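Two complexes come next, and they have one chain in common, chain A, joined by chain B in the first and chain C in the second.
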Partner chain A sequence: MNYILRRLLRAMLLLVGVSALCFLFTEMAPGSFFDEMRLNPQISPETIAALRSSYGLDQPLAVRYARWVNAALRADLGYSIAYNAPVAPLLWSRAKNTLLLTTCALAITWLISVPLGVWAASRRGGLVDRAVTLASSFVISVPELVIAVGLLALVVRWRILPVGGMMSADSDALSMLAKLKDVARHLALPAFILILCETSIIVRHVRASVLEVLGATYVQAARGLGMSQSRLLFRHVLPVAANPAISLLGFSLAGLLSGSLIVEVVCGWPGLGPLILEATLSRDLYLVIGGIMFSALFMIGGNFVADMMLIVVDPRIRKEGVDAR
Partner chain B sequence: MARDHLIRVSDLSVTYCADEGMPIRAVDGISLEISPQEIVGILGESGCGKSTLAGALLRLLPPGAKSEGGILFRGLELMNLPEAELRALRGREIALIPQDPALSLNPVITAGVLIGEVLRAHLPLSAAERRQRVKELLCEVGFDRPEEIYSAYPHQLSGGQRQRIAIAQAMACRPGLLVADEPTGKLDATLQSEIIELLSKIRQQHGTAILIISHDPAILAGFSDRIAVMYAGRIVEVGSSAEIFGRPLHPYTQALMRIASSMITSAGVISRFPAIAGESPDPGCIAEGCRFEPRCSERMDVCSQRYPQTFLPEPSRLVNCFKYGE
Partner chain C sequence: MRAKVTVLIVMLVGLHGVLLLAGFFAPYDPAAQNRELSYAPPTRLHFKDALEFHLRPFVYASAVVMEGDQRGSYQEGRSREYQVRLFVTGASYKLLGVHESTTHLFGVSEPARIFLFGTDAYGRDEFSRVLFGGQISVAAGIVATVITLFAGSVVGIIAGYYGGWVDELLMGVNELFLSLPWLYFLLGVRAFLPLHLSTLRTFFLLTGVIGLIGWARPARLVRGVVLSSRNRSYVLAGRGFGATDFYLSRRHILPEVFGLLLTQAALLVPRYIAAEVTLSFFGLGVNEPVASWGNMLSTLQQYSVLVSYGWLLAPACALVVTSVLYSSLAELFHSRLKSS
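Coming up: the complex of A and B.
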């Protein structure tokens, strides 16, 4: 119990720290949303000043931060200047699309990576192992952007899949099932790019952690007592190897909102990525901060979920709190 | 020596083939017999090939190790047994008690299940029967409250308790031979004697033969029936425990015994002094002659020319030294 409480407390502190840093950095960053207006002779400085004060930007940093925290506690993340709308609903409408893309990609990535990594490790040096190692190092060594653009070019040339957006223009007229199919076809390319890049990393981690446990003294000892190969793998090796894999899953979950930025921008997927990129470029202050806080929340949530899973799986971690059970 | 040996090792060699450099011959032409119910000690410095010998007996060596020679166990030649049959033998007929119980127990499995896993691998028992057997085994290795230990994880146990769990694992299927590789190496002195007592008790009750490997003569004294002294991959002397301790023949054994007795006289003072002047030879490049010759105080001309064959100065005593023949 202690362990969980401590983790929760740490998560809170982390959120406070991230938000404070966000404010500090946006304050330090040069330029503001109104810079372009200033260059426009038709807009008087008084108008701009009035606009600034209506968004509360004329207040000192500490006051703005205090107001923001106060509002954020009530799920109000401020107002977007560019969209002239509250930030939270704006972010959420885009985050839904990002989550659709990343959860699909994440689920498939893990469904592929775990069995493949275990298989490669248990037949070390075999055909599967060598193929996995070679293919994954190839994908890792090519930047994600290059893979994304390359695949996009292929898809466009061969006209296999629709490109851009998440549904066809005429999708309103389609039946429910056809609509679903339409979204899936739009989803396929960005999801495939994500799966390819993520799998090549995760499969290596899974393989490495299984290999490490396979070489452990206690696995040798169990082999010396006549355990069968499969029993050894599934009962003695995998529960231990799950520990680092679960930490890794936490990172995967943490990246659900922020990990697909490049792919979304390249493929034109209407998720958080393009929104935040645009907001940053136009210095739409509260939208940027809101986006970062959203990602931070997922980061902390992902790690928290991983920590809880570790408690279930690993008795050595459970030990810290078990005496209070 | 009894006619029917439990296990008979003849001319066993193990070579580690490293990717680069000379292959290393860790065990070099060892012959040894163990009778049923007998306790045989292997005595030698670290690095002399003791643990490799233990691994070779179970046919469990790291990939890249090549073994030659014969291991005859109950009329079965282990050297050409297929892997599936070897697996059925390990833990069932020959069981290993590993060196460091802190490393040899799986950290995420409870002690009871760890022992149960050995039963599960070899005997057709129901889950309830298995649980019952595990509790009996826990009592047998000296736990008063088996229920508590059953559901404890290795990190919740002390070093001595962990070693008892490892012994219970090894004893689970009542094997004919226990191979104990430095079973007390990581324990303090009082625990050492407890574990040794436990092993003696097991031999008495079940007639289990034990091959015990140690670098410490004090562990083997009074426990093993016979002792084989190993040096640089070879056995240099074999004799009964009393003979080895009372009247060691080989100069290496004599030096070991001098150290052991000097440690006993200066009990309480732990000092790091050079055990025997010089170092044991690099197993990568071994000279023609006797391997102990460079460190030996009684060396002769012949010692550096060829390896001394086995002499029998007394019946049942084997020694490889030119002091006892030419």
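Coming up: the complex of A and C.
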């Protein structure tokens, strides 16, 4: 219980830190959304000043931050200047799509990499092991942008899958099931790119942690007592190897979210990524801050879930509440 | 193992040499436009004509064939052969930014052109642009890496060496940076910086931001090494003899950190090149007319271009080659670090 509380507290602290960092950056920034307006002779400086104060931008940093935190606690993340709409609903409608993409990709990634990693580790030096190691180290070293653009080029050229957006233009007319299928077909390419990138990383870590456990003395003892390979692997090795692998789940989220930003922009998936990119290009202050907060929230939330899973999997943490990482 | 490292380093040095001397290796000026030759496919090198086989490759002059009022495809005019010659005189360039020269490694005489990787929308030679763009992208990666490693090792050494509340504070901030998806963070920071700047300022701004955001992981690793080496007997002995903090960290702790930093450098350079490419791809980095691999790739955001003009993926291929070389080196360094 103590452990859960400590983790929660840390997650809260991190969120506060991230938001403070964002505001610090806005303060150091030399430009603002109104710079373009200022160049326009038809808009008087008074109008700009009035606009600034209506968005609360004329207040000192501490006041702005306090106001923002106060509002954020009530799920109000400020007002987007470019969209002329509140930030939170805007972000949430996009965040759902990012969540759909990343959770699908994450689930399939783990479904592939755990068996593959265990298989490679159990036949160390064999054909499978060498193939997995080589392929993963190649995919890791190719930047995500290149993988995304390359696969997109193939898909567009061969017309295998629909590209761009989340559903077809005529999807309103379709039945529920057909709609679902339509979304799945649009999801396939961005999800596949993410799965490819993530699997190559995670399979290596699973393999390494299984290998480490396989070298332990109790495994040798069990082997000496004549335990079958499959029982040994799944009953005795995998639970122990799960701890570092699950800790990795939390860390891998950062890469997953960054990767999904690239993939969303390249494939035209209407997630957080394109929205943040537009907001960055138009210097839409609160939208950018809100977007970063959302991404941080996903990550910290994901880390928290990983911590909870550790409790289930690792009795050392359950019993003593120690940080067994 | 050692041989492998040597081979990789030789290849990397070669790659950087070619990029550094881009003006010499590129047949054309990267900014020179040929509007009538837009989206020309890669020029084919021929060895055989109707009569016989030539040892020296030659090309034919290509031009767009009009189909009614529409632009048709490119066709080679087979009437005359243009031999590819070495050390030809062409557009003037500055080697290493100082030495003015007009000699290029290879070229063909006009009106034929040699576009090894084809041309882009403005008819600029993609091969020359890949070389010159590589200068920007790779330099961005290296400068950002130096910034990251410097910041990371300073923080890591301070945290590891002094420990106590200093350590706790620094590692708290560290965790903050680690808990953010780097690309979102990068975009966020970029959002607060001016969008349109001179190329040089953009370059340093970009590398500065990329470099400073990444300090957290190296700092954590350096801290670990410093923590373990702080209590080595020779360090304790040195302190007993009255050595200063600065002397101890320079003489005994930094060398131990060095191997780690080398591995990190090989790991970070390709990642930061990719970061620059990604930002420029998004239109937040180095802007036209200066070439960088990222802004060259950004034309591919239009599906029609992506499908019809596959040779414009050339900068992506160059990026892959660079990344794979650096990453293999990082992997070798890493396994050596672990085994020692």
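In this section, the second predicted complex is superposed on the first by the 311 of 325 C-alpha atoms of A that agree within 3 Å, B and C clash if a C-alpha of one lies under 4 Å from a C-alpha of the other, contacts with A are read in each partner's own complex, and residues count from 1 in each chain.
Note that a contact is a pair of C-beta atoms (placed from the backbone, for glycine too) under 8 Å apart; a residue touches a chain by one contact, two chains touch by 3 or more.
Given the structure is predicted, the values throughout are model-derived calculations rather than measurements.
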Clash-or-fit label for the pair chain B, chain C on chain A: fit
Touching partner for A:G164 - first (chain B), second (chain C), both, neither: second
Touching partner for A:G224 - first (chain B), second (chain C), both, neither: first
Dominant toucher of chain A (residue count), chain B or chain C: C
Chain B versus chain C as contact partner of A:H236, first or second or both or neither: first
Touching partner for A:T26 - first (chain B), second (chain C), both, neither: second
Partner chain in contact with A:R316 - chain B first, chain C second, else both or neither: first
Which superposed partner A:V265 touches (first chain B, second chain C, both, neither): second
Touching partner for A:G150 - first (chain B), second (chain C), both, neither: second
Angular separation of chain B and chain C about chain A, which is computed from CA centres of the superposed model and rounded to the nearest 10 °: 90
Where chain B and chain C come nearest after superposition, their Cα distance in Å: 13
Interface residues, chain A side, partner chain C - complex: 14, 17-18, 21-22, 25-26, 28-31, 137-138, 140-146, 149-150, 152-153, 156-157, 163-164, 253-255, 257-258, 261-262, 265-266, 276-277, 279-281, 283-285, 288-289, 291-292, 295-296, 299-300, 303
Touch list for chain C against partner chain A, complex: 172-173, 175-176, 178-185, 187-195, 270, 273-274, 277-278, 281-284, 297, 300-301, 303, 306-307, 310, 313, 316, 319-320, 323-324, 326-328, 331
Residue ranges of chain B touching chain A (in the complex, touch as defined): 58, 60, 87-92, 95-96, 98, 100, 103-109, 117-118, 120-122, 153, 155-156, 166, 169-170
Contact set on chain A toward chain B in their complex: 216-228, 231, 235-236, 239-240, 313-316, 319
